[in-house]
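Per-chain residue numbering starts at 1, and chain names A, B and C are given in the order in which the chains are listed.
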Amino acid sequence: MAKLELRGVVKRFGDNTVCNGINLDIEEGQMVCLIGASGAGKSTLLRCINLLEPTEDGEIFLDGEDIAVPGLDPQTVRARIGMVFQSYNLFPHMTALENAMLAPRRVHGLTREEVQPEIEALFTRFGLADRMQNYPDQLSGGQQQRVAIVRALAMKPEVMLFDEITSALDPQLVGEVLDVLLQLKDQGMTMVLATHEMGFAREAADKVCFLKDGRIVEEGPADQVFGSPQRAETKAFLERALK
Amino acid sequence: MADPKAAGMTRRERYEEDQRRRSLTIAATSTVLVIAAIVILVPLAPGWEKVQRSFFNGAVLADTFPKLLDAFLINVMIFAWCAPAIAVLGLLIALARDAKSPALFPLRIFGAAFTDIFRGVPVILTVYLIGFGIPGLGLPRPWNSPYIWGSLALILTYAAYVAEIFRSGIDSVHHSQRSAALSLGLSERQMMRDVVLPQAVRNVVPSQMNMLIALQKDVSLLSFIGPVEIFRQAGVFKSLLANFTPYVGAAIIFLIVTIPATRYADYLMARQMRERR
Amino acid sequence: MAKTISLAALAVALTTTTAMAAGHCAAGKTLEDGKFTIATGNPAYYPWVLDDAPESGQGFEAAVAYAVAAEMGFAEEDVVWVRSSFDEAIQPGAKNFDVNMQQYSITPERDQVVDFSAPYYTAPMAVLVGPGATDTEPTMAALKSLKWGAVGTTTAVPKLTETIQPDSDPLLYGDNADVNAALGANQIDAALFDLPTALFLSAVMIEGSKVIGQFPPDENDNPDHFGMLMEDGNPLKECVDDALAALTESGKLAEIEAQWLQDTTGVPLIK
């Protein structure tokens, strides 16, 4: 049984079918990269996995249990799945540390004293020890995104979702964020990334999926999909993307 | 090559200095001319002496000012207990209107009706209807005091406006903040309380300042149902002395309070505009 | 004998002079030549004007107005009625009336800004209490403990603050109707009005209210004299005063008062 199993996931916005029957297995500890053009359905798929969007049809099995059942309370699931967004979405009225401590205190009912040491350790691990007391508008884009990752990690999730987290960054800040991702992978985190960073995907991903028009057109090990793509659409996309 | 600054001002600095001096001279001259025109021409109007005696009478102003200040304390008092109540009730109504659960549907309807009615009816009518109407149902003293029910009329009316401002503030918090909060496992209520509301309230502080300033003046509406606040006191003087200067005195007292408040509100708005850019 | 004759001759001469002057006195001094424009309140209350229709001549002030107009040589159809507020009356600038009759009390301060005719009525001030306080004794001591209200723009206010000096601060209102509302809502126990107005309010407007006493119109106490209000320096004042003097002398003024303001007996004096 894989950590996450998607079976026939369908998501529509009005007349527009954004996810058109997605089947995907994600094993524990794997890093799976979703690539494809904008509008192919990558972000929407991620938002369906952590139940930010309700699905029209299909099942999503987390540890064998279907979490896409309509009417299920999404809160408990979301506490087990962390998400990091393209525009960081840090809470501007709180410091970095308070951003990270909010959810563990509220959702798990822990006190500040119980939660603070572990979270401070997380900040230190990712090179942000001296930035913990800063407000988001005092941090660079790369720092903010790393804080966002720490914030998600503070809930001790079993799966982490990353929605094009480097797309909004200046090129010289991308590297520090990708380093964090590699660290997480080394620690065995199950990760699903929607990304345009082809080089990174090729180096680090265990599995790459190419999405087009709401379907996974091709999927396989990174070397295979990048090195010898089987489908014409994949080839065409890679040619354009890697130019 | 010699440092150009060491030799005195650069060519452009000299030019800009000249321009500055010239604009200052023009501005000063123009201001002096306008003031001189007002000071010289207005008194030449045939009715000026009478108008001055009637509206700008120094002796009357000096006589009535202390009692007007005293009466103004009543305005301050009423404002002091209305403003917090309005803030709280306004926030509650805003939340009621946005309630999502079906069990709370009556609350949504109530919230919508509340804002419709109290924003629609002129404040003075509300003051009369509630200030006289409810005590008229037979309440014992001191529960039928015009201070209580008149203040309630103000609170209900202003809460309706304040609620709508809060709602727009809540709407203005970008939905990505909600996504982030929910994806961390926070409940809707926790998201509201810890993420959305703090930002929403901060966003609308400048608009709410404008409401506060309007409230400072509308407190005078309670004069219609009995309390002898500054507007009523000025009216008493006007009648006894057949002179309008007490109203000018009251206006001066109001301005002493509202001008700093409006300047502060402007400052907050400007700062917010800068931050948004 | 000579003295009597000369006195009589003088009297005749004066009367004739007055009678002739009346016809010409007001000429050229009114807003509109040949018309006498009188302002009254909006609405005008009983018993001063009946049914808010001053043209009918019904009501004390309406009747006095027509009598004064007649004395000055104006026919009934030459009397024009307009409505105005107190503010319009005292503001600097041109007025839209010749005289303004709305139970205005003559005070020295007001006299500096406007002109008043000679008094046409001396109004005792009376205490009207609401249903909850009808057994209050008409003594100054008892009055002090009541919760008071009054119309803010009247001379009732200084009467309250200087003469009665109640224990708790009075509440002040914009007009009679609001004072009535406050009495009805039991927010105030008592209010001060001129006696005729008080009697009218008690009989018609407020259930269970009662006029428990009146203040003696004692000169020392600065009673309320009602005068017709005019623009400062209005030459018409002379004519109006002459007309009022004639009406007083002939007893016509007292007749009008008896006709319209007759129930003022039977109200006890405040001790």
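The working rule: a residue touches a chain if its C-beta (ideal position, glycine included) is under 8 Å from a C-beta of that chain, and two chains touch if they have at least 3 such contacts.
Remember, it's a predicted structure, so these values are computed and weren't measured experimentally.
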item	value
Of B-C and A-B, whichever chain pair has more C-beta contact pairs	B-C
Innermost chain, taking as reference the mean of every protein Cα atom displayed	B
Chain whose Cα centroid lies at the greatest distance from that of chain A	C
Rounded Å distance, chain A centre to chain C centre (Cα mean)	87
Between chain C and chain B, distance of the C-alpha-averaged centres to the nearest whole Å	42
Whole-Å gap between the CA centroids of chain A and chain B	47
Footprint of chain B on chain A - complex, ascending	47, 50, 52, 74-76, 78-83, 85, 87, 89-93, 102-103, 106-107, 148, 151-152, 155
Residue ranges of chain B in contact with chain A within the complex	176-177, 179-187, 190, 194-195, 198-199, 202
Parts of chain C lying in touch with chain B, wherever the complex brings them together	86-87, 90-93, 107, 109-110, 112-114, 147, 149, 152-155, 157-158, 169-174, 178, 181-182, 184-188
Chain B - residues contacting chain C, complex	47, 50-51, 53-55, 132, 135-136, 138-141, 144-146, 223-228, 232, 235-236, 238-244
